[in-house]
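As written, the chains take the letters A, B, C, D, E and F, and residue 1 is the first residue of each chain.
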Amino acid sequence: MQRVVIKLSGSVFKQPFDSNYIKSLCESFISMLNDGIQPIIVSGGGEIARSYINIMRALGADETTLDEIGISVSRLNAKIIISALGDYAYPLVPTSMDEISLALTSGKIVVLGGLYPGHSTNATAALVAEKSNAFVFINATDVDGVYTADPKVDKNAKKYDQIDTKTLFNLVTSSPIIAGSYDLFDPLAIKIIERSKIRTKIILCTPQNILNSIKGVSVGTEIVIK
Amino acid sequence: MQRVVIKLSGSVFKQPFDSNYIKSLCESFISMLNDGIQPIIVSGGGEIARSYINIMRALGADETTLDEIGISVSRLNAKIIISALGDYAYPLVPTSMDEISLALTSGKIVVLGGLYPGHSTNATAALVAEKSNAFVFINATDVDGVYTADPKVDKNAKKYDQIDTKTLFNLVTSSPIIAGSYDLFDPLAIKIIERSKIRTKIILCTPQNILNSIKGVSVGTEIVIK
Amino acid sequence: MQRVVIKLSGSVFKQPFDSNYIKSLCESFISMLNDGIQPIIVSGGGEIARSYINIMRALGADETTLDEIGISVSRLNAKIIISALGDYAYPLVPTSMDEISLALTSGKIVVLGGLYPGHSTNATAALVAEKSNAFVFINATDVDGVYTADPKVDKNAKKYDQIDTKTLFNLVTSSPIIAGSYDLFDPLAIKIIERSKIRTKIILCTPQNILNSIKGVSVGTEIVIK
Amino acid sequence: MQRVVIKLSGSVFKQPFDSNYIKSLCESFISMLNDGIQPIIVSGGGEIARSYINIMRALGADETTLDEIGISVSRLNAKIIISALGDYAYPLVPTSMDEISLALTSGKIVVLGGLYPGHSTNATAALVAEKSNAFVFINATDVDGVYTADPKVDKNAKKYDQIDTKTLFNLVTSSPIIAGSYDLFDPLAIKIIERSKIRTKIILCTPQNILNSIKGVSVGTEIVIK
Amino acid sequence: MQRVVIKLSGSVFKQPFDSNYIKSLCESFISMLNDGIQPIIVSGGGEIARSYINIMRALGADETTLDEIGISVSRLNAKIIISALGDYAYPLVPTSMDEISLALTSGKIVVLGGLYPGHSTNATAALVAEKSNAFVFINATDVDGVYTADPKVDKNAKKYDQIDTKTLFNLVTSSPIIAGSYDLFDPLAIKIIERSKIRTKIILCTPQNILNSIKGVSVGTEIVIK
Amino acid sequence: MQRVVIKLSGSVFKQPFDSNYIKSLCESFISMLNDGIQPIIVSGGGEIARSYINIMRALGADETTLDEIGISVSRLNAKIIISALGDYAYPLVPTSMDEISLALTSGKIVVLGGLYPGHSTNATAALVAEKSNAFVFINATDVDGVYTADPKVDKNAKKYDQIDTKTLFNLVTSSPIIAGSYDLFDPLAIKIIERSKIRTKIILCTPQNILNSIKGVSVGTEIVIK
């Protein structure tokens, strides 16, 4: 069975939850499954994760513990997706690679959150793409691709249709990115994509974009392995 | 070691989180521990729990699954308390009676959320009081005791200084209580208090009230076993 | 796949075990499965559970621990049913809702015991009916329905063909029921049936009654949701 | 801390449970702990185990599954001992060597049942003696030592004060021993005692004998390693 | 589905690993699966296990701990087999009978290592054959059957075509076998074969021998139950 | 209690194992513990890890699975250290942050291997330093510090006494580092050190260096946070 990994940006779970948007995304996943492609969904943490992280940082928690609370919230978000998918979804949220391996044998849509402290959900999703031998990894986020600068800040920023991993790595590591402000790929995610040559696209998270990105329609930014 | 179970109403965790309030509550717990009493804290779910419950109900989840998501959120809230307690707290959130038994042997403050679907966190806290042989069970909530009617609705409602379990049971089961609107004791919690004759107080959740309720100062409503 | 939850009274497991009776019950479950209905069996504890509860109470155990030992025995009883079902059964006894969800995906007969201290196996079975979206919940016990009084004590007791949840609640909570003497529904089980409008029947535990209660033949007492 | 492993024959748990006998045994364990010796108790299965084994064998279960149900019952028996020991006991029944290692660090009395299918509880107890570096392994059973023949059958059977492992091995493997009838050491238990040179005694299970066997008073049969 | 248990001698995993040999063995397993027989593979520990056992014994570890490290290495070896089998294999290495039961329901090739300290992997494999109701248990080792003496030492040693369990037991227990030098059946493995009358063959580990031993072609030594 | 994290390079575990070297390292850890500092040891994988990784890559395993097998081997190496430490060590190898938190409460030396695929053991050790609030993180490796180039290749390479994280990041990411050939810090480990300002030293792995690096004696290369 062909597989695709789709990472849902935390922005999908902004408050108040938008049930129509979530339903429409889930319909696109079910449509894939009906076409014989098994989607693996990796949910981000988003606004509620940041709320827990902020209060716990204020109370003195260390950074690993903050990563862990973010992971916990992303798993709650995964349960929302599972509810919306009903019987099309594997009923549990896997919390390790072993559990993911088992879940995949069900032939159902598998939905998870983060896995490991120190990892962005992007890096986690890249590892899952590697483990599941996915033919493409879709990073569905709140911008429509990778830009030469942060498009929310710089009006002259231009979108890349394609970007190679070396350029992306420099973009990601050279500019002072504030955590949470512009959720691009991190170095670890790029390294994993590189080592396993995983076909990757960064798109704006809409049902239509998700379906198009699977079908080979040009959308967002494609990462080219170098 | 003497033990006390303190159930924190979900209202402690209303948005945005109030770090000063949470810190002051935690200082009262640490003060108890320094006096040789081991506090066991049971966190409720509150506003964020309701947010997840609402979206998942809208998406078609069954009631047991909604109970479970509420439990998951109450465990995140427990982690906030653990962060604020630092080294005074047992580092993990127990998720079963066995894990609670182990946690108690640490001599540290033990913090948990809900345990079982179908149980209110009040009933869970009562079971934990039973299991840990606590000398008193404090139900710290957003009203200052049990009233003859809902004090938020009925201005003539009078507070009980003491109420027996039989009267409380009738109060709880006879009036049409809407879930989440007035979080009194449920029948199961009352049954557990009765079967093990657990000394129980319902108080407004403030650090001072919590400390007073342990010291035998009259505060809130005391439940008398019949 | 349609599902039915069948709660087996602890009396099914009275000493010495009756292998013919157990086999005949299991044949009725297999017959259902062959008709495309997935049975979920919840075993009670019965005589051996009481034996362990009595010795441990005599030795000073708290009530939660006694609930837990009763649950442990009910899980041994579940293993008896699994042995009798052979390959028709899911091979493990689930001990949480997550494990039940996984077990159900096997399409086999799922057999469990109790789940949570503080819960009767009736309440547990009601939760499982809710979680599994069962179309009917059969409470197979050692009386042939709900009576106006305990039929073993009061010769004039009359059986209800139907009883609404409000009347049942009053019946269950008003009379002084001694634990284990007359195993009717408890308040929590009734609350769960009500909140999810689960179709429920209380029948004498025989293979024929079990099969009839699924097919809509009138047998025992039907609980009507109010 | 010095440690002793005491294997309690299943006969300690014959029906109906004898709370006075169990209490008196537990007092001997507490007395040891007060003397600075950590007891590790391994409970057998006994009558109730045989009851479950018989019904499940009648229903077609394989021998490994029967071993497993026997282990499950021996763990219930362990919980009886834990109840009687109260705070002197580690609160959980360890089910693996890792859990035993953790339990031992508590400094409390550790109580377990069987561990592995294919192993007698004697063999399990011998492994635990090895793992915990116990200075003596007491096999407390329903006969007062090893005899030249089954003393219940052969009136001329003579008790050994000492027996070497080679002779014991021949005794155990040459005669047709019916399972459950005369619970001597099995070949695996002997092999483990040999490989780690564990000091071992077989005694009649009474509080006085248990205390004496620790203190070096001659009681029962001592196994000499060859 | 018919099942076969194949125990792979640790010699399969001698250093450096021989990928062609391992591949060819795996092709024989896949060939069985394609013929409708589910293979269960039990990997031994071999050279690397001995390396860890030796260093840990030198550093003072007890024998149970050494058994455990050997089991851990055998599970790594099981992962090698799983890698070679790809999608034909159940993706995880089961570590308990419950996990084996679940794994078997996948219909895939199940690969494990050792399970319990005190057990040889031969005894483990025999238990698995019992639990899985395998029609034959193949002990694939580095000699081509059972000899009257160790064929590596005694040139006049003669191979048995058949050997009964009684004779095998005497052979195994009477001669001074040094651990690891001549990996025949141990007493526990023989006892398990006897109690469940498991058809058993000891063969030289080659793909052709494995396939032949399933098909009833005479190869190696067959153990006859007495 | 003050804590130190010490990452042991895989080269500590090269074949054949060197029991004297391992013992001498362990004596330095015990010496720290006696001085009131709790060491947390993170073992690398080394030669045997590479052996498993090579055979499994040859057989077609994906990179995440290869990371996992490396982690498994590093945990076996951790067990060697635990054996050498005897009662000074926490008896189990933690496999998650929760297990590490629990292990630390024992006050004993905690020994682990890798934790997460995608992470080097350096990154894992940095996370553990963060979580445990260690006052210093010692990276004990097979070179005596960070050089301007690989000292095994370039004779003119000069050692840094201090290096800032920015320079180290460039060094690590700009040169074509072949996996396993020169085990410096990876980008993720650097990021973690930076975000939590963890004092870090890279030293040649000898007992004397380890003790000196704790005491503030200048040894190896110190990483300066920028």
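General observations
We adopt the following convention: a residue touches a chain if its C-beta (ideal position, glycine included) is under 8 Å from a C-beta of that chain, and two chains touch if they have at least 3 such contacts.
Note that the coordinates shown come from a computational prediction; the quantities given were computed from them, not determined experimentally.
Identification of common neighbours of chain C and chain E yields A, D.
For the pairs D-F and D-E, the count of C-beta pairs in contact is higher at D-E.
Centroids of chain B and chain F (each the mean of its C-alpha atoms) stand 43 Å apart. Separating the centre of chain A from that of chain F, both taken as means of CA atoms, is a distance of 30 Å. Note on chain placement: the centre of chain A and the centre of chain D lie 55 Å apart, centres being C-alpha means. The multi-chain contact residues of chain F, meaning those touching 2 or more other chains, are 65. Here the chains touching each other pair up as A-B, A-C, A-E, A-F, B-C, B-D, B-F, C-D, C-E, D-E, D-F, E-F. Within the complex formed with chain A, the chain B residues making contact are 15-17, 19, 22-23, 48, 51-52, 54-56, 58-61, 65, 69, 72-73, 75-76, 79-80, 83-84, 86.
Residues 62-65, 68, 97, 115-119, 123, 126-127, 130-131, 133, 169, 173, 187-188, 191-192, 195-196 of chain E are the ones touching chain D in the complex. Those residues of chain F lying in contact with chain D across their complex are 91-92, 106.
Looking at the complex, you find that chain F touches chain B at residues 98, 101-102, 105.
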